[in-house]
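Consider the two complexes below, in which chain A is the common component and chain B and chain C are the respective partners.
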Partner chain A sequence: MKKILSFLAALVLYFLFFYFVVAQSNINNLDFEPYWRFRKVILTGWLNTIMISTISILLSLVVGLILYAMKESRLKIFNYMAEIHQTIIFGTPLLVIAIVSFYYIGNAFGIDSPVATGCITLALYIGAYIADIYKGAIEGIHTNQWQGAKMFGFTTYQTYRYIIFPQIIKSILPPLAGQFALTIKGSALLAYMATNELLNAVSNIQASSFRITEGFIIIILGYWIITIPLISLVRRLENKTNYRT
Partner chain B sequence: MNIEINQVIKKYDNKTILDKLSINIPDKQIIAFLGPSGSGKSTLLRLIAGLEDFESGEICLNEKSIHAKETDMEAYRKAIGFVFQDHNLFNHLTVFENIALVLEKVHKRKREIFTGEIHALLKTFELYDHKDKYPHQLSGGQSQRVSIVRALSIQPQLILLDEPTSSLDPVLTYDVLNAVKQLAVESKDFIIVTHEIGFAKNIADYVVFMDEGQIIEHGPRTILDHPQTETFKNFLSKVLPFN
Partner chain C sequence: MKKLLLITLLLVVALVGCGSNDNDDSDNPVLRVGMELKYPPFETIDTDGNPDGVSVKIAEALGDYLGREVEIVPTAYKSLIPALESGKIDIIISSMTINAERQKVVDFSDPYTTSDLVMLVHKDSIVKSPADLNNPDVTIASKAGTIGALWAAANAPLAKIKTVEEEASAVLEVAQGKSDVFIYDPLAIINHQQNHPETTVAILEPLPNTSGWGIALAKGQDELREQINAFLKQAAEDGTFQEIRDNYLQDKIKEFEKYGLDFFF
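Let's turn to the complex of A and B:
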């Protein structure tokens, strides 16, 4: 009971803050009518955001794994390739990467679907961070687990599949959740590629109806509906896989 | 078993751990390696197990050289039971699954066939009631016994034990050593690295005393009563009063 009250009190404080901001901006008569009229467009955009994010997340898990394997490879060329990839990604804003990959790289390889370019770009971007999440978690596994696996004759694949990955899932979930949320938010940048996702859909209505504030409210709520359940789901999973080492 | 070690050199980061180590032990069943911490005895055991490579020299177990290609070493290691100092149980698996995973994935055996065998082994070691517990829910002695059961489940002829009682209290130490003693009756071969002089005295066929990467003395267990070198005398005089 006390927990719920504290939560509600915190919520009220935030509400008051936003109420103050809105009141100061002289906004009256919020009118959602134009958005209601184009609700199907918004819904399509919102579903596209979910689709793009989901594909990008799944791809980025694989990209991260490949980059991790390259970093750990005995072949030095792979080590450097992974390092160059990460340095470029870490050192460049996602917005710039999105524009470059759509107008230049996508064009050079003849990929003209903004969705495909967007998903690949996001996967390559998020994957660079995920590689380090894998690396950190795997290095956190005690040497005795590796030695046990080696002694009992597990192959490298079996060692990762049955001994290492089941143990790192718990420790990689929180940072992965952060990356997933980043992917969903990052998908907004695909609006610059004229992808029909949530931000782009709402922006178009904003431009034609001049109802700017309402558009932003819809955008924020649209993202929260996806990200907040995701964050709480991961928190619950963390508790579930809670075994001690 | 026969062990022949010839001029073995092992280094970690340029620090020599085993320095031109040579010994020939023919036809023994239970060999105990003794020595102070840092003497290189655990390292030697890991080399015999094929867990680590070494700089030069040769180790032969039953006339088979184990300084071989990694692909051959996999098959070699699979056939050996190894009990680690800190038991090395897989943290995310229950007692039963710790054993089952090895049999199912590495030895490609069928679950319905080996389940009964594992249960029987767990009963022998008074672990059956703990079969669904995770390693962190076990006491040190229980973990170490699980580790022994896991090593036995693959039905190895040779079992290597690396200071299996170093983290245990005297009662649990007794339990673990008693388990090893029972197995010795089944004529399995053992190489054990231990601090338990009493144990070595009791069941070892052959005792090897090491210090600073060298073998100082070796021979039948009677050498424990008549140490020849000062180092061994010193070691025994420090350890024995508490054994």
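Let's turn to the complex of A and C:
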């Protein structure tokens, strides 16, 4: 009961904050009519955002795994390639990477679809961070366990599958959820390539209706509908896999 | 060491293999037209999300004239010229003003309109007419890649220029007094002023030294440019433009008349 009250109190505080902001700006009458007329466009954009994010997230989990494997590889060239990839990604703003990969790298390889370039770019970007999440979690496992598994005759696959994986799943979920949310938000960058996703769809309508504030409200709600359930889902999974407590 | 060489070699071969697909689209029959769909009634979307507007109709008429199929490629305004240079699109029809800076990198057809630029001004700004712009205390907001910044650089070199990504941001800049002026086309400015009546003023005196809109194409495509010029001439004479004007621009022409502005096209 106390929990719910605290939650409501926090909610009210935020509501007051936004109310203050709205009262300060001279937004007098909101008119969502143009957006209702273009509801089909907005819905398509929103579904595209979900599609792009889902593909990118799945790809980035794989990219992260590949990069992790490269870092752990005995072949030094793979170690360095993973290292260089991460250095480039960590050191460059995502917006710049997105534009360069669409107009220059994608172009060099003859990929014309902004959706394909966008998904691959996001996957390579987020994957670089996910590789480190994997690495950190796996390194957190005591060496005794590796030795123990070896002693019992586990193969490398079996060690990962039965000993390492069940233990790391709990510790990688929260940082992964952060990366997933980042991917969903990052998909908005595809608007710079005029991809028909949520941000671009709404800003097209903003331009034709001149109802700008309403557009931002729709964009924010559109992303929240995706990100908030994702975040709470991960929270619940976290509790479920928390065997120890 | 041998293994290392082998892997490097494999990767290099893979890369060269991918890279070798040629970008030469010269005999591609589809005419890819780049435009930013954020500028109604010229470039916009219908309620199904398909490209629509005057420029779309011009593109289709041009395609008919050339006997080529037309594909509209939605592109952010700032990226139009890079897209043209990298061969992602063949021409730009996006209400683009012919301008000396732009002509350094692309070629233009003959102008098919005349167009005016006007100002949205913050109510307390010192700017009262275009003559006040060339002043170090004046901040001019413009949308990235549009003519506003280019015009200001050429005609008001002393003013501070602030480039923002979205038209919406430029309007908020002025409405909140962070910038003095937003330079854009008359009808958009009128609409924005009506949305921010307490904080902004529209100054509808046209800025000097503006020229018409042209169709942009990559440097050196003289044959295509001749064809486009011939098409523009014919479309003006045979009623193609008149028809587009009747279908798309009636309301706009009326509004222009209401504010005593000249209409183009």
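Following the convention adopted for this analysis, the second predicted complex is superposed on the first by the 244 of 245 C-alpha atoms of A that agree within 3 Å, B and C clash if a C-alpha of one lies under 4 Å from a C-alpha of the other, contacts with A are read in each partner's own complex, and residues count from 1 in each chain.
The rule is simple: a contact is a pair of C-beta atoms (placed from the backbone, for glycine too) under 8 Å apart; a residue touches a chain by one contact, two chains touch by 3 or more.
Keep in mind that what you see is a predicted model, and the values were worked out from it rather than measured.
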Look at A:Q158 in the shared chain and tell me whether it touches chain B only, chain C only, both, or neither; answer first, second, both or neither. first
I'd like to know which partner A:Q24 touches here: chain B for first, chain C for second, both or neither. neither
By residue count, is chain A touched more by chain B or by chain C? C
Please indicate which partner A:Q167 is in contact with in the superposed arrangement: first for chain B, second for chain C, both, or neither. first
Where does A:Q147 make contact in the superposed view: on chain B (first), on chain C (second), on both, or on neither? first
Report the residues of chain A in contact with chain C in the complex, numbered from low to high. 26, 37-38, 40-41, 44, 75-78, 99, 103-104, 107-110, 112, 191-194, 196, 201, 203-208, 210-212, 215
In the complex, chain C residues that touch chain A: 3-4, 7-8, 18-19, 21, 23, 36-40, 44-45, 47-49, 74-76, 79, 82-83, 86-88, 166-168, 171-172, 188, 191-192, 194-196, 198-199
Using the touch definition up top, name the residues of chain B that touch chain A in the complex. 49, 51, 74-75, 77-78, 80, 82, 84, 86, 88-92, 101-102, 105-107, 134, 136, 150, 154
Name, in rising order, each residue of chain A that touches chain B in their complex. 144-145, 147-155, 158, 162-163, 166-167, 243-245
